[in-house]
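The two complexes that follow have subunit A in common; it is paired with subunit B in the first and with subunit C in the second.
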Partner chain A sequence: MSADLLSYGAFFLTMALTYAVICLGLNVQWGQTGLFNVGIAGFVAIGAYASALLTTPDDAVRFGGFGLPIIVGWIGGALVTGLVSFLIGALTIRLRADYLAIATFGVAVVVQLAALNLEGITGGPFGIGFIPRPFADYAGNPLVFGLANLGVLVVIVLLLYLMLERLARSPWGRVLRAIREDEQAALALGKSATRFRLQAFAIGGGIMGLAGAVQAHFIGFIAPDNYVPMLTFQVWAMLIVGGSGNNKGAILGAVLVWGIWAMSAAAVSGLFPPGQQARAAALQIVMIGVALCAILLLRPRGLLGEERVVSRHIGARDDGSKDGQTSDAKNS
Partner chain B sequence: MQPAADIAHNLAASPLEARGVVKVFGGLRAVDGMSLALRPGELLGLIGPNGAGKTTLFNLLAGSLKPSSGAILIEGRDMTSAGPEARIANGVGRTFQIPRPFAEMTVLENVLTGGQHQSGERAWLNIVRPGRVAAEERAAVEKARALLDFVTLSKLEDEPARVLSGGQRKLLELARILMADPKTILLDEPAAGVNPSLLEFIIERVLELNARGTSILLIEHNMEMVARLCSRVVVMAAGSYLTEGAPDDIARDPAVVDAYLGGVA
Partner chain C sequence: MNPQALMDGLIAGSMIGLGAVGVTLTYSILRFANFAHGEFIAWGAYFAFALAGALGMLSGSLAAPIGPFSFGWGLVIATLVAVVLNGGLALLVDALLFGRLRSHKSTIIIMVMASFGAALTLRSLLEFIFTAQPRYFSNALQIAMPLGGGIRATPDQLLSLAVAAMLVVAVHLLLSRTPIGRAMRAVSENPQLAGVAGIDTRKVIRIVWLLGAALACIAGVSAGLLVQIRPQMGLDLLLPLFAAAILGGIGSVPGAMLAGLVVGLSEAFAVQLIGAEWRSAVAFVILVLVLLLRPQGLFGRAAQ
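Showing the complex of A and B:
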């Protein structure tokens, strides 16, 4: 019994951590750079489909698959999505925030419709099945299987977190903050706002693609219905709840909101008769909405607000000048 | 007859030049065929009554506006259609009339942002070449601290820039652009809204920079400051060139007095 609970816990956390990866990608775009991406689902879908095509066995009725190792699929999914994000960004990044939102939303709709209709590549509405799962040999033992998958996700999230923290505290991250604060001043210092925004958009998109790829292999099956605007809404809720601009917040928010989502799903199936459950599922969205309202009212900057990020290379001064006399400028 | 030194100046490419620049806003010709050439190592003053088009010309020179016609040259290279971010890459830096610090970043980080050609500004080098990035950043921090000493803001290096007073913000902007090692600096009214003791300090710093060989174009209302800093002053009126000369002669020039007192009647 406790093994069941433990393996459910592992499943839950694994799933939550795949969302944490998406959330980290959004944090690069929105939290650090202020790019309003409302098409998250589309970028996640691109990564998922790219990885599925790369890794599934050859299929007579559709393009691919190429039967490549899972890790190739993950890296491929991230790179393809990063490249697509770069191309989309090259067209749209000059748009003002609200228009960028509309453009990215459009991209997500296009991706979903393409997945639905390009049957020769994506399998159409039935999607792609038999996506190889990591540690499939252990699938007979749910606990071992669940913990092994969780281990992989923990490593991915940890590596991403360390990489993104390093970037945030690097001169690159500093330029992003400068552009976010005052684009004109950053331009006058030779920082091409467009170039840096485009980089952040592509990196964030690539991370979302990686998340899509990992999620696809974890579930083993993808279909266009997985990549609807609901996913975008969930990820935004996660980042806002956790704390935009804070990588720890992005991870925490993902776990919490996914927890609310999973628990409310359990509550709906427990409290309502089967005939009403489809309708009652809308209550899940209500729960997320309530959580969002509560956070915005009580902690508008999220559970973990944005921390002051300073270059990791700045050490303390050693010449003691800080203890010296007050400067002329300060007196004035 | 021109002295030999002047002829040599004229032969060397100007660090910053405007040739017949026009800027039209709707029906208004804010800058109307203005020409101006900064000489290497010079501290040139640009004055003119309100509405003469000084700030528009400044923005054209800094690249934040594109001229309707005419050309902007940096050391003889045509930069007319290049954006503001291309100016500093070619050695021309600017300050803003109303300072624009990165308010939530620390004073030290503000200055660090002025650095050019930093490996750490390339995202992937932070992952694949962390040692090189760290070494460059340490050198940058050292240089930024020296610049903060120069403008006496050292003790505030860890404070967010938003706590600085108006005058301190001007100093921070100066340090920030100096971080980029500009050969030429455009100063937009450094004296505006600054108290007298700090103004004195800013004047000293500007003179010291110029003495080190930095060419400076100063736009200023404060005639006293212009007279103390500049040996040559260009006067702009109604969007175009009116006259130029030594500050004392300019102050007595009837055409200049007329322009300041409300038009050529």
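Showing the complex of A and C:
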């Protein structure tokens, strides 16, 4: 009994941490740089499909199945998604702020469409199955299997966290925040706002692709239905609840919102009769939508809020005055 | 090439155009891309659907078809009331959400995000109330009349084209010839200066919501009459709406309508050439092309 509970706990946390990875990617785009991505589901899907194509065994009815190692799939998924993000960013970032939002929304629509219709590559509506799972040898023992997978996710989240924290404190991260807060001042210091934004958007997109790839291998199969606007919405809710601009907040928000989501799904399926389940699921989305709007209105900084970050060289003697930021921004 | 694609494209395009006029007005005056606008189309259709159903139950004669059309006076009355209700819904969303964000001096992108949240809430609420099952105003089948040149159209289709054309002319005249239209253009140019000149910006914002919601409601009823009513109908139209609003040039009413027709026609021809399953990608391709070649749109000014 307790082993069942433990392996469910491991499953739950692993799932939540895959969302945490998406959230960390979104935090680079939105939290650090102020770029609004409405097509998260599309970017996650690109990573998932790319990795699935690279790693599944050869399949006669569709393109690929290259049977490569899982790690190659993950890196490939991240790179492909990063490239797509770069192209979309290059197209829209120099224009009005919300054109990027509209374009990313379009990406999600087109990716969904491609996943459904390019049956020779994506398997169409039925998706791709038999995606190799890490530690598949231990699949007979759910507890060991679950904990091993959880371990992998914890390592990924930890590595990403450390890397992103380092980036945020680097001259590069300071330039990003400078651009977000006062573009004119950053331009006056000779920083190309478009270039830095584009880099941030591509890195964030790459992380989302990685998350999609990892999630695909954890679940074992993917289908277009997994990548609907609801996914985008959940990730936004996670980042806003946790506190945008804060990497710890992104992880905390992911675990918290995923927990609320799983619990409310259980409550809904318990409270409503079987015939009304689809209706009840809609009500669940209404609740999370209202919650997101309420947080935007009442506590826009989220639970943790943004940390004040200054150069590590002056952090000890200075409480974060502006001149520290500007003088260091020159070094980047 | 099948000439019928021309007719199909014009009809789909006129619905996209009506929605895009609303998008372009909110965009130029409230200054954010409203992702919830598609939901006003869906809500308008469902308002009319529920009211027409109720009226039909009250009196059978209201449901009897008028002349060559598939619907009765019940739907006409229901649509007029639905226009008012939909305007009320838009004002309610503004009072609860966007108005408060404006008074918090929130950034554009927070408004966009809030509209995204509102869209999901409104859409799921429809699904909760009416379920995802498609609905129809009437189950009667209409015979398409030959119009010459190999083109056929049903009376309902011709009527919705005519209504769309009249509405766009009316909105254009409202904006260009009346005091309130002048006030709207002034707020769109410079809200602070308009306020200093004694224009009531809050009134202008209310008019924009009412106008956008009314056009969305008509577009929704047309879509429901000619295709079907589903909770997802607004979401499916959202990308074409944005593509049309940007292609037409933000703030330009004739531009939005013309661009709506361009998007509708391109979709119809793409369906002929590469198949119906790729229809939704057409709006994205148009969007990408506009952003690449002429980001200010056909009739827009370069972005500040």
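Assume the second predicted complex is superposed on the first by the 304 of 332 C-alpha atoms of A that agree within 3 Å, B and C clash if a C-alpha of one lies under 4 Å from a C-alpha of the other, contacts with A are read in each partner's own complex, and residues count from 1 in each chain.
Methods note: contacts are C-beta pairs under 8 Å (C-beta built on N, C-alpha and C of every residue); 3 or more make two chains touch, one makes a residue touch a chain.
What you are looking at is a predicted structure, and each value in this text was computed from that prediction instead of being measured.
Residue contacts after overlaying the shared chain place A:N117 against subunit C, while subunit B stays out of touching range.
Of the two partner chains placed by the overlay, only subunit B lies in contact with A:S192; subunit C stays clear of it.
Once the two complexes are laid over each other on the shared chain, residue contacts for A:L210 go to neither subunit B nor subunit C. Once the two complexes are overlaid on the shared chain, A:I222 sits clear of subunit B and of subunit C alike. Contacts of A:L24 after superposition: neither subunit B nor subunit C is touched. For subunit A in complex with subunit C, the residues that touch the partner chain are 34, 36, 38, 91-92, 95-99, 101-103, 105-107, 109-110, 113, 116-117, 229-230, 233, 236, 240, 278-279, 282-283, 285-286, 288-290, 292-293, 296-297, 300.
Contact residues of subunit B toward subunit A in the complex are 62, 64, 83-89, 93-94, 96, 100-106, 108-109, 112-116, 118-123, 126-127, 130, 133-134, 137-138, 140-141, 145, 149, 151-157, 160, 165, 167-168, 171, 176-177, 180, 195, 197-198, 201. Note for the complex: subunit C touches subunit A at residues 32-33, 35, 97, 100-101, 104, 106, 108-110, 112-114, 116-118, 120-121, 124-125, 127-128, 131-132, 235, 238-239, 242, 246, 277-278, 280-281, 283-284, 287-288, 291-292, 295, 303.
The touching residues of subunit A, counted against subunit B in their complex, run 163, 166-167, 170-172, 174-175, 177-178, 181-182, 184-193, 199, 203, 308, 310-311, 313-315, 317, 321-322, 324, 326-332.
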